[in-house]
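So that you can tell them apart, the chains are marked A, B, C and D in the order they are listed, and the count of residues begins at 1 in each.
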């Protein structure tokens, strides 16, 4: 198959190959109008071709840029392929980004055609269209509410396809021309541009070639033995490299089926119906599923609850060993079987993960507890370390070599090395061409001899040979007393508590470590209900003294665990506060992929940080916030600050 | 979903909707429209009384094709009674009602339905024992022709029809964004969603005239915004003429093209939102009644 | 010819009074609790059985007293075990509940008191009286027992009517019938009201039972005969006491006359094995009546508010 | 063992047809198929005379009657106390057809029974347009008493049988005599299955929605264009048809010879109790209710001998009355939707397991 893919070295070519090899097999399913609409690979080829020809009719040229905005819908994926067939370059954009962000990317990428999901997106584009002279055509999928719009620059997806179909019907020449265009596509051609909402500054357009994606995808398939029988549910942002590889590159290369959910509310429902076999999600999702499970089990009858707890305990004790095929006493095996029958099986069925053969978590460190929980249920959850610049794959955990605190071994064809400053560098077939229109950024990231700076600090674990990531390289700092500080490392420890949604730790070039925390509304809210604590708003709950008490305990536990690790022992948390609002992407506090922008947050909440370090008991803060509908407003509050116990460490061990 | 029920006056032609707030150019038809017979429903000097109590006294007004017509007034102003007269629940003691140019004698509600009048109720009147899907499917009863014996077999034409109607209903479900509650018994749904399902059931009838009795009663701000959006979309997308009773003045002013004001069963004002707002009689009627 | 007819008419009217009495039981409960008490018939049977068996080994008066107590206890049990668990349920549910109660009572009554036919000897004079001998040859025959029974019932009916119209409790009952909340706000505990009406209608059932029993002996079929009160209600209206009275008389007289006048005709035309029209005449009469005046003779008109 | 809890992962629908299937969940589908197959093939392997004649056949026939009443009362919300009468119509219609046209195919005989009952049902259904609730109940009671009387008195119906009781000769289908309990059972079972499927198709289609709409809120039903007359009468018609067929089956294959008393008002109550206990507005409930009503007396009759005490049949029948009465009240208070609802809840619990319902 690798060779097959090698011949078919672009996605349009792969599509034609699949239409041959897997003609009758499902390629895309979309739950729409209450049932799963299915398209076979052959049908998809037809749809894509029609749309593609339609686009040529409307004047899309080779190397033109096509923006793709919306949630995971077959037609948007097809639009990517249709553009690529013509040698044009798709540019997916986060559907939830506000008009300004969009304007920047559309302009920077010189987009001439935008294919969007629905009225909402169309309205967004129309509001900025005057600033975008190049944008000549907007194509929408969902017609609802749009029929009265001025259609000079506006076309429905179906109309464009009709245009294409008419053209194709008119004469065989257009078909030949199209197939010629596809054949003309080369591996080294630009396949896609993914704008990374970098943790700092403006988004950068990462240019990836077909070779990058196809080869990495094929290697990924080999690494995990993925064939045409997998089922994936596409629910992550189109503009995120993860989704692009897992629900575009890999399906095209391996020939398996992509399933698009009916609506955001129904994802879990739809996942259960489809019975996905190959899943990918950031840690948060796995975390939420567990939180929800635990919360719901709280309402169960005592007997059932105890049974649940008992068998979960059994799973925690033996499950992973059994999954890893280690030696396990017979009685344990039997108990686990029983548990599978009474709890794990049904539970997995409810969560819709019974059929999962392989699940990846990446993007962030996952809490060891959460990680083990899933594995103990018999779900083959693995960690992966990747980047947009690498077409995802850098390292991943091979089956049977699973550790909660590593990100695995280099993937097929990937070389990894650690720089003196601890930064991780890699080299691979997936290495990106460069940042669009940004040579010096490119130069900074990519060495002449092809090594890429990940910007992450880490080390190869001697006993496992796996890579361990501790933090962003630039964020690793030192306290004034010289103790090593890896903020992310501490933040993750904090975030592993279900009650803590987000944590930001400061201390570089300061006397002590302080933390700003976000509570998790689901978990804490439920806790509040059970302890009948009344609260009117997130802000009120966050400020509640008993919530503070609870989180203080968590923080102290973290301190204890830090104290156990020589290197980190010096950087224990002295004081913390609970933020009055959730860190929000719309306010630019976190990226669209929920990564905290530490620097930005520091500026934004400067008064709080000063307060943390000048020893005051509480501080007033007022910030501008953006509401769902884009309106802005001021939000002010006074935030309490807590001191916490630290574990004393012998002086000589400092500055280790 | 293209219904045969679209009235020509509905599609906004030149006045493209170029912002998301949903303000449709100027729609209120001119005199010529009325001459051209663009009045969909005309109520002439209608009176209705229960025993001695007068609910409606000599009220006249008209509803024009494609417009959104608001009926407002303090509690007990006879608004709901007016709707009940229009769709045949009450038979006025005097007065005349002309629908689609035909003056009509006293008729039963289902005859009104046949004529193309749908409505929702102040306090949701759904079929509690049925799912959201079935409720809306029930709204298509009139569109289904297949006879008894086909139904028995649920085969051939009957099945084809059932599936065809299901597809249409699914479009409505999609339109109202209630996919996630499709198969939930409506009795178990929160109020806001019930109202949405009820609207869906009314839409399923593909009516020419849609009567909404306080569609936003007891809703929170967000739900109200959604509902307003739906009402505007219905009017724009299906070209349905809408008459609605509403207490939330803000909503009324945003949505409606013309407003009829009743007080104690008498018409005290009728005109564009702006005119009505300025009207002294209206202000007096509303003194103390805060909404 | 006229003579016999008048005789039947009088006989019918006398039965009619009995119907009225039973019907009154229904009306009482329906007015007060909106419950359509299908068990009224069973209560009649139960009461009659109790009285009949008790009177076998104790003086009538004491037997009567005991029976009254029993009926009150029964009312209490029904209120306590059934009604209070079904508050503000739809009428139809309550109706079916009383159907259950009826079944239970029929079973229970016969299990406790036995299921044979029992005599009730009230010691009423039996030798027939002849009136209007001047008008008709041989005069009209009247069974004094029935006459007395009818009179007792009539008195009973009047008492109840008065009780309803005049006494405070009576008015309270009417208040409840109109609007439960209202009644409660007036400060009348609903449960007590219900308890009372059930007790009273139990009493009514007892009297009715005794009269029927004296007439045809106490047996299972009593509960069916008592169902005759249903058409009476439809005729008279569920909430109207005068309606119950008039309706009872109409039905009573009507079915007897039908038997005598219509019966032979039917028998001849349809070649029937005997008449027995009374079994259904009342119902069909009511049914036809329903079509033209659903709310009954005296019932209030119901306007459907939307 | 995986059938203990539902495993629905991977069951997705790609057509409305599949989505609206009677048993959308594979596990249900299969268990029902197995059950029916067992009823046809498995039961005859071990069932004996008693099981057939005292349990299976009565349950099946009464289920049909219960389905009939459930359509009227459970689905369309019109309370009827006349089932006994309509069963009688079916019985005597069949009797007379078989008597006067002996050559008629037995299937046609039963169909005819249903149709006659349907016509009578329509007639007595007419009042339902003007009246509701217990008014209607009384009206149906009228039909009950009238019909009872008619069959007792109109000699023609009973072919001038002096005793008023009638008997049917041997029943045969396409030359195959239905004389053994085993054959009778299979025959009745087949009819039950067919009628059940037909009923299911009706109630999940346009007509069923019309009925339920009338039941749940007749006002709202009217404003979406449902004619109350149309809906109610069709419910009466279908209902009476089923009850009529049930009556004919009961007379021909259960009783063999009978008199009007077999279909008196208590029969009406019996059928009503079935659907109250079994569950209003569900077909499953009709079967559960019928089974319950048939099995309890049998159980009661056995009980004394098991307990080693002697009890007069009269006493037992009294206890039976009390028990049913109590059950009705109990169900109306505790679970107005009857056994079927209990079943449904249990099923939901299994589906949601380990999560609480």
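Odds and ends about this structure:
Throughout what follows, contacts are C-beta pairs under 8 Å (C-beta built on N, C-alpha and C of every residue); 3 or more make two chains touch, one makes a residue touch a chain.
What you see is a predicted model, and the numbers here were worked out from it, not measured in a lab.
Nearest to the common centre of all protein CA atoms is the CA centroid of chain B. Per-pair counts of C-beta contacts peak for the chains C-D. Farthest chain from chain C, judged by C-alpha centroids: A. The centroid of the Cα atoms in chain A and the matching centroid in chain B are 45 Å apart.
Separating the centre of chain A from that of chain C, both taken as means of CA atoms, is a distance of 78 Å.
With each centre defined as the average position of its C-alpha atoms, the distance from chain A to chain D rounds to 57 Å.
Rounded to whole angstrom units, the spacing between the C-alpha centres of chain C and chain D is 33. For chain B, the set of residues that touch two or more other chains comprises 89, 121, 166-167.
Counting only residues that touch two or more partner chains, chain C has 304, 306. Across the assembly, chain D contributes 15-16, 219 as residues in contact with two or more other chains. Across the complex, chain D is touched by residues 87, 89, 108-110, 112-114, 118-119, 121, 125-130, 134, 137-139, 141-142, 144, 146, 148, 151-154, 158-159, 162-163, 166-167, 201-202, 204-205 of chain B.
Partner chain D is touched in their complex by these residues of chain C: 36, 81-82, 85-86, 89, 91-93, 95-97, 99-108, 110-111, 115, 224, 227, 230-231, 233-234, 270-277, 279-280, 283-284, 286-287, 290-291, 294, 304, 306.
Residues 29, 34-38, 272-275, 293, 296-297, 299-301, 304, 307-308, 341-343, 345-350, 352-355 of chain A are the ones that touch chain D when the two sit in their complex. Residues 11-12, 15-20, 24, 133, 166-167, 170-171, 173-175, 177, 179-180, 182, 233, 236-237 of chain B are the ones that touch chain A when the two sit in their complex.
Put simply, chain D touches chain C in their complex at residues 79, 126-127, 130-131, 133-135, 137-139, 141-142, 145-146, 148-149, 152-156, 164, 219, 265, 269, 272, 276, 314-315, 317-329, 332-333, 336.
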